[in-house]
Amino acid sequence: MRSETGTRVLGTLAVAALAVLAVMALVVTPPDVNQQDAVRLFYIHVPLATVMYVAFGITALASVLYLLPRTRARKWDLLAGASAEIGVVFTGLTLLTGSIWGRTTWGVWWTWDARLTTTALLFVLFLGYLALRRTTGDTDARAKRNAIAALAVSIDLPIVHKSVEWWRTLHQKSSLLDEETFLHPHIHGSMYWTAMLGIGAFVLLFAWLLIHRYRLALLADRVEDQGLERAIAERRAEVLTGAR
Amino acid sequence: MWHDAAVMAGKDLRIELRSRVATNQVAPFALLVLVLFAFALDPDRGVLARAAAGLFWVAVLFCALLAIQRAFAVEATDGARDNLRLSGLDPAAIFLGKAGAIAAELGVLEVLLGAGVVVLYNRALHGPALLVVTCVLATIGLAAAGTLYGALAAGLRVRETLLPLLLLPVVAPVLLAATRASEAALGGSPGDGWPWVRLLGVFAVIYVAFGVVAFGPLLEESS
Amino acid sequence: MDRVVVHLHAVVSLLGRFPALAGVDLDVAAGEVVLVQGPNGAGKTTLLRACAGLVPIVDGEAVVLGHDVRRDRRSVRRHVALLGHASGLYEDLTVADNLRFVARATRAPGGASVQDTLDRLGLGGRLSGVQVGRLSAGQRRRVAVAALLLRRADLWLLDEPHAGLDAEGRERLDDLVRQTAAAGTTVLLASHELERARPLASRVVAMAGGQIRAEASAGVVGVA
Amino acid sequence: MTHVGYLVAGYGATFAVLAAYGAWIIGKKRALARELPPEERDPRWH
């Protein structure tokens, strides 16, 4: 049953979960004592940031699997690319919602808040990775290079995270945007459940997007290969047409 | 392995000595960048002096980009790349050799830039131990990550524009850590600088190790 | 002494997505000098580079000097010397610098010394101190041949070797090919210049459309 | 209800971008599927 109905169910589930999230986040949950209703942005900002890391984690894992000779397969390269692209979309949205939230709290569109800065660096890091993926070259060579590039970026993440955190917490205490402060269970019950729902909904959406983006990559790969058989046939026919 | 690395580094450095691109183009460029910063930041309001460490490392970053582009432009002719693969040199040694040559060049440039900062931005040097360690570790980190990304982008038509996009975000933590450590040294409170130096050390170790492992496949695959 | 040095069966090789080799079958025994001739774009250059393990082989079998090229490219390369269109030398380095780098890099055990090789190619005197960038195409080609000699390889892959050489240069090259083939080194030679290359070859194969089309024994003077 | 404008902008933009991205993927997939020979048609592609 891993056919079309499977993903359609997943798709409708994700949309339903997002709808419930919107209602809970915008209406049901109470406003924050000092941020008032701006806190409602958290219900999508935090899940977006969480899924971003999940996506880039999958890219790193798939790249490792591609590099290990035992598990080397085209599909890992395609999965790494698909997950990274979705990851960049989620990173962009995390930055967007973070910036809007910054505007409501500090009146400026961009604050050098530790988490936002790290996210911005992630955005540029993986944009570079995606740019590298788009360059031409023979498929196997390109796939191996993509995997190495993905790992070269991924091993940088903890360093980026640590250095930015030290840099920004020299002056003020840890970032307000931290989900630990936000997801703390003792906060008002409905807020906590809404936050959990948020992460669940966006993970479902991510899964749906990944499956279809992966299939798109598979299809593009197949169309490219299909062209290859034709090219070999034409190549061989070159002599018959008297290519003297 | 170390013999091969020395052979490679020797070749790269000899190319730089003979072609004198480093001395005639990259070094003047480095000083030019310092002067441009001075134009951008009005010198007499003290901003320049305070930002000296940061500006120094931004200038080093730009020079690193040039040195890396140059190091791989030399190998860009497909004949040279074929010979390198056929040469039987161990890829890890090629990586260490090339990174070593770039590190050496950057070291010289840093001394030059250091003098430039002291003279142009009239910042006296303090905490020399911290400064030297910071420069050494940051240079190793930049050379290793730079050589790795130079190989990643090598052989691609768009490598001139792709290399900065790929490399600069990755070495952003080096810029951050090196600047903070240098400011701690210049500001006379070296104690604050040492955690940043540890971070530079971690970065250098990770990217040298990753480069040694990844360079072989990269050399193979760059068409 | 009929050891098969090069065994290619249905080899397919891609340049980007263009199938430069579309199913090549070729067997070359030790000491043979095989001439591969054919029109531009037939795939001659790719064939040589595939034998050297420089181009990914996506299909078929390829065994060179006992090593499977597809699985173990690096060990093939240690025993192979390629003379390509591009000299592959470092323009900023002098002739002597370039050759010293090749000698030290390939750690040619007991290889002919750099000076000796320079003399054999007539590059000994003033030329050795000149930057390769300043040499003429012909001189550059000679330095490339000198580099080839330094490698003491078991398989020579020569791509249009005579191109750019003057009469004296060609004479020296022909002597070198005869001497090395006599010494047991196998030579795969890709060339347009039939009248120049044929006397050297013990066998001629014609190539077109990324495949070996016809085979003709040159049956000619020179190497048996 | 404070910051309504910001909330609408934040939620609206997020859902709009995600919906557009999803639609783009499905659309591109269908377009590419047409290039495959009929026998390779596969439910995964639509």
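Each chain carries a letter (A, B, C and D) given by its place in the written order, and its residues are counted from 1.
Everything that follows uses one rule, which is that a contact is a pair of C-beta atoms (placed from the backbone, for glycine too) under 8 Å apart; a residue touches a chain by one contact, two chains touch by 3 or more.
Computed from a predicted structure; not experimentally measured.
**Student:** Farthest chain from chain C, comparing Cα centres?
**Tutor:** With centres defined by C-alpha atoms, farthest from chain C sits D.
**Student:** Which one of the chains is closest to the middle, using the mean of its C-alpha atoms?
**Tutor:** Here the chain at the core of the arrangement is B.
**Student:** If you average the CA atoms of chain B and of chain C, how many Å lie between those two points?
**Tutor:** That pair's centroid distance is 38 Å.
**Student:** So how far apart, in whole Å, are chain C and chain D when each is placed at the average of its C-alpha atoms?
**Tutor:** 54
**Student:** Indicate the whole-number Å distance between the mean C-alpha point of chain A and the mean C-alpha point of chain D.
**Tutor:** Using C-alpha averages as centres, the distance is 15 Å.
**Student:** Which integer distance in Å separates the CA centroid of chain B from that of chain D?
**Tutor:** 42
**Student:** For chain C, which residues are shared contacts with two or more other chains?
**Tutor:** Chain C, residues with two or more chain partners: 16.
**Student:** Give me the residues of chain A that touch two or more other chains.
**Tutor:** 137-138, 140-141
**Student:** Touching pairs of chains, which are they?
**Tutor:** A-B, A-C, A-D, B-C
**Student:** Please give the residue numbers of chain B that touch chain C in the complex, ascending.
**Tutor:** Counting only chain B, the residues touching chain C are 3-4, 7-8, 10-11, 14-15, 18-19, 74, 77-83, 85-89, 220, 223.
**Student:** Which of the residues in chain A end up touching chain B in this complex?
**Tutor:** For chain A paired with chain B, touching residues are 67, 121, 124-125, 127-129, 131-132, 135, 137-138, 140-142, 144-145, 148-149, 151-153, 155-156, 159-160, 162-164, 166-167.
**Student:** Report the residues of chain C in contact with chain A in the complex, numbered from low to high.
**Tutor:** 12, 14-19, 22-23, 39, 41, 56, 58, 208-211, 213
**Student:** Considering only the defined contacts, which chain D positions touch chain A in the complex?
**Tutor:** 1-4, 6-7, 9-11, 13-15, 17-18, 21-22, 25-26, 28-29, 32-33, 35-37, 40, 43-46
**Student:** With touch defined as at the start, can you tell me which chain A residues reach chain D in the complex?
**Tutor:** 3-4, 18, 22, 26, 31, 36-38, 40-41, 44-45, 48, 86, 89, 92-93, 96-97, 100-101, 103-104, 205, 208-209, 212-213, 215-216, 218-220, 222-223, 226
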